[in-house]
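Next up: the structures, one after another.
Both complexes shown next keep chain A, but they swap its partner, so chain B is in the first and chain C is in the second.
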Partner chain A sequence: MDVWLNAIMVLLVFSNLILLGAGRLSMYIRCVAFQGFLLGAFTVLAHISDLTVHVWLLASVGTLLRGIVFPAFLSRLLRDSGVRREVEPYIGYTPSILSGLAMLGAGMWLSVRLPAPAIALPRFVVPVALMLIFVGLFLIVTRRKALSQLLGYLVLENGVYVFGVALVQKTPLLVEMGVLLDVFMAVLVMGVAMFHINREFDHIDTDRLSTLKD
Partner chain B sequence: MALLALVLLPAAAGGLAFLIRPDAPRRAMLVCVAIAHACMTAAVWRVSTQPVLNGWIAMDAQGLVFLSITSALFLAVSVYAIHFLRNEQHGMRHDLEEDLLFANAPEAVFTGCLLLFLATMTLVTVSQHFGLLWVAIESSTLASAPLIYFHRHHRSLEATWKYLMICSVGVALALLGIFFLALGAERSGLEGSMRVADLVAQASQLEPAWMKAAFIFLLVGYGTKMGLAPLHTWLPDAHSEAPSLVSALLSGALLNCAFLGILRMMQVFVGAGQQAFAQQLLVVFGLFSIGLAAVFLLEQADYKRLLAYSSVEHMGILALGLGLGGIGAFGAMLHTVNHSFTKALLFLAAGNILAAYRSKSTRDVTGLARTLPATSFLWVAGFFAIAGSPPFGTFMSEFTILRAALNQGRYIVAIAYIAFLSLVFIGMSRSVLAMAQGPPPDRPINASAHESWQAIAPPAALAIVVLLLGFYVPPALNALLHEAARSLGGM
Partner chain C sequence: MAIASLIPVLLGLMLAPLMLGVINRTKAAFAGRNGQPLLQQYFDLWRLLHKGVVYSRTTTWVFRAGPVVGLAATLSALLLTPLGGVPSMLHFDGDFVLFALLLGVVRFMLIVAALDTGSAFEGMGASREAAFSALVEPALFLALASLAKYAGSLSLTGLYVPLDLAAWAQAGPGFALALITLLGVFVVENARIPVDDPNTHLELTMIHEVMVLDNSGPDFAFVQYTAALKHWIFGALIAGIAIPVRTGNVLLDTIAMVAGIGVLAVAVGVVESIMARLRMHRVPQLIVGAAALAVVALIVVGR
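Up next, the complex of A and B:
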């Protein structure tokens, strides 16, 4: 099993690096959708020894939302906005990719200092979870488009999710479903806000959102 | 079941509000639900309720304090909302600050989200499970975001986006903290239960390293939503752009809910006898928030931002009181009550001023005492209350926290606390008192419409509560606050 888990982790790292180096917003959406499918497979593989209904439900609903519903909704918004590319991020693409590698390194450094997780998972899981969290925060801070920031939030949330699956053996189903519902609602509400930003400014640059200050 | 009904009633009414077309029945429903919610909350004081959902939802002292505040504020706000919504004319309208036209969000959406907001905040107060509490806190962000975007122009949109993004990221980090806590529990051989009571009972067996990591993430996550500096950046924007009655709920009820998230973790620390670590962090964050708010209050030209920074200051005071422990924890609980009522009163009064003067700048507003006598009286009284002057309740609670610092011989903390509070007093008094005095401006003021009883009675009722709390804390409330403080390392 470890081979497959490691393969998923490697693919997650690649998808992060592509995300950091991409300029086309449709590519961002595809990367995050891909991560959604990887997370579904990860959920099943991490609990391979006891595959309960709970695990299957969590994996299928999670994949459906992260892999299909969110990307479809966001692609729709993107099409309506008529924007194609991220323009002049605060940190360029090549430095972004290099920072991504540094984040993976930082994740490894940190994970060595954490005690071993409860279930026996490859040591590579926690560093990748940390990398996802860092990359999500990085995208939110350095990208100008509202859509990129929203996707950054989703990557951050993916990281927290991997962490949760890796570290905690039994999270009650109700809580996991509640978390998923909240993420779903967050995407919906942010999507509606983005629709309004697009209508108000004729584009979705958040750097125009800078009137309010002291 | 009574507790479930408290959550489900506003949730169902919120869903229904989206569907009701005519304004009058929808407004009537808003007030009826607020009254019913307040009555049920009052009943919870008298009758003990049964835990439901496997003990995930139950009532305890802290929960009851925060539920009562939320319910009372919502009642006041719902009455005020009738007046507010009647004055918000439909169609395009002219912006106050810039030359642009904008429309309001549909009233049905506004009322629906207001009721859903109440439902999510109620769920926060009755949650006894860390996972459920997280879900409720994140839901309250999502339910309140459309409220900030009621006036549909680019400034409120900016505020809404910042609020959504910053708070969602913060709360996502809090989830990481909860996973750390669960991991700590699992590794100590506890049966993975994340109920607050179970964790408190077995707290001494939790691994301290994981508990500390969990607390840091929870403090950062929920602290973002609570408005502790330097994570408060969304707060002044959201409070200044939202309609005043929404600001009143955000400041008086929502910030408290995030504080409750931190309190729950504090309970576990106290159960383990390890609170020193958490208290240290809270004192630092608290003092920093008070100091930073004091600086921004000094030169603040927008009176709604003024109130927002004052909220940052008071959240700092709550964190400081909790961090000091002893009677400080009791002071923090009492101050929660005082601050919520006072701040809601001030925001509602600010709403009246904004409606009459059509400007948020303190320079444009003069001669309140003559143009809006009742509002002016409440505005000045509210200022003295929020600045912690006697005879208001806030004086008692702020003084209690000061006494806690002095009792423990932490003179530097005490001196910094007094110095910052004096700065706040000076900064706020300059703007607030200048607004009340002087001649009215030359341009016409639409004063008569803005002093209807629905606009005056809610803030006046809140003011009376704050004044009475300064003289006399009812024994039932006193006992409840002490009980809440005891489980937080107080007395």
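Up next, the complex of A and C:
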């Protein structure tokens, strides 16, 4: 049981490192979709002792959105924008991977110091949740393309979700669904905004937006 | 020291060139060719050993020492390599440091001999080899350290003997990561695709092959046999993790390991057939990624 949860956590770390080291945007999307499926499996495994309809509903809707709907939507955006890869991120790929390790280390350091309630899950879960959050922020800050930043936001949200499942075993279904709806709306709105940026300026580099003047 | 501890050494000595044969046959099968005979590498070694040697007038004794010392160091490393559950001939605490050192000596001699020829191409290959191997050594150490953390032992044999199915059930994710790291180390150390293309004829793109352009006759046979042994040694390290067969029966364990190394050879052939070589500046990123995974493995196993 624990070994499977650990395996999921390790795969999450693995996908994070790939996200940090990859340059192709389609790879980013695939990684985030993979994380969506992992989170679905994580939801089921974390509640393995009482598998209610609630858990199944949460896992299936979450997987459907994070693993299928978002990636399909984003792939479409990617195809329309005509951008293929992240060009010259503010922090290069190799330093990014090393920072990813530092983030995992920071997660471990923090998780020991958190006044967290006793949790039944393996101790590796909280550090990975924190790492997901950090990696999401890192992607938002250091990548140029709007699409990568949107994906960074999704990774961040994945981290918050893992964190929530780890610390609060029972969240009301309504709250979870509300969060999912929020994420869905956010992706939709950002996607539409990106579509407009792309149509207006023929690119989705956000750094060039800061030099806009009217 | 039982007869059993001779097995990893003898098998390595005998089967190492065969591993290259399997890789070549797999690539040939993918390309729709019949390919060279499985034993071609042995024929090549035999032919080269019966040839004369040509030394350039610019070379010194360093160039002549290179292949010999390289082969000797590789053979010493082979003595330290366990074959899964079958213990190595020599083992003591901390022998994996010596193991890495011996492989470092192999590389050092190769690099020095290449520089000794004074050829611009060989110098370029040597500089690349030096750069990549400096990066790959931490990855190797970290991967072995994660195994050491689990096994609580500091010798290669001690790392590999307790790696059975129960260990996988307990710390499987960590071992899987260490395994991926070692696969990365394998392609870099043995100059296979996606790091280096052993078949290319463009010196500009080569790493390993370009350094041995000036070697001929028995010297070249030594270099090739060294390369084959390195394939085998790293294959044994990888199969030792990937195949958690520890029956205690030497024969069964050995068969499982040899089968594992065979599968690895086929996998290498498949990868070489379906992947292109990475651009040179992407290689360090691959190695750093592999090392990062080993760090994660260390953390996972350690907790």
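As a working rule, the second predicted complex is superposed on the first by the 205 of 214 C-alpha atoms of A that agree within 3 Å, B and C clash if a C-alpha of one lies under 4 Å from a C-alpha of the other, contacts with A are read in each partner's own complex, and residues count from 1 in each chain.
By our rule, a contact is a pair of C-beta atoms (placed from the backbone, for glycine too) under 8 Å apart; a residue touches a chain by one contact, two chains touch by 3 or more.
It should be emphasised that the depicted structure is a prediction, and the values quoted were computed from it without experimental measurement.
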Task: After aligning the two structures on chain A, examine chain B and chain C and state clash or fit.
output: fit
- request: Check the residue A:110 against both partner chains and state whether it touches chain B (first), chain C (second), both, or neither.
  value: neither
- prompt: Is A:72 in contact with chain B, with chain C, with both, or with neither (first, second, both, neither)?
  reply: neither
Query: Who does A:48 touch here: chain B (first), chain C (second), both, or neither?
result: neither
Query: Of the partners chain B and chain C, which touch A:153 in the superposed model: first, second, both, neither?
result: first
- prompt: Looking at the overlay, what does A:196 touch: chain B (first), chain C (second), both, or neither?
  reply: first
Task: With the two complexes superposed on chain A, say which partner A:17 touches: chain B (first), chain C (second), both, or neither.
output: second
Message: Contacts for A:9 in the overlay, against chain B (first) and chain C (second): which applies, first, second, both or neither?
response: second
- request: May I ask you to decide whether A:186 touches chain B, chain C, both, or neither, giving the answer as first, second, both or neither?
  value: first
- prompt: When the two structures are overlaid on chain A, which partner does A:97 contact: first (chain B), second (chain C), both, or neither?
  reply: second
Query: Rounded to a whole Å, what is the shortest Cα gap between chain B and chain C in the overlaid structures?
result: 24
Task: Find the residues of chain A that appear in the contact set with chain B and again in the contact set with chain C.
output: none
Chain A partner contacts - residues on chain B that touch it in the complex: 56, 129, 131-132, 134-135, 138-139, 142, 145-146, 149, 152-155, 157-162, 164-165, 168-169, 172-173, 175-176, 179-180, 182-183, 186-187, 192, 194, 207, 209-210, 236-237, 240-241, 296, 300, 305
Query: For the complex, which residues does chain C have touching chain A?
result: 169-174, 176-177, 284-285, 288-289, 292-293, 295-296, 299-300, 303
- prompt: Which part of chain A faces chain B closely enough to touch in the complex?
  reply: 115, 117-118, 133, 137, 140, 146, 149, 153, 156-157, 160, 163-164, 167-172, 174-175, 178-179, 181-182, 185-186, 189-190, 192-193, 196-197, 200-201, 206, 208-212, 214
Statement: chain A residues touching chain C in their complex are 3, 6-7, 9-10, 13-14, 17, 21, 93-94, 97-98, 100-101, 104, 108, 123-124
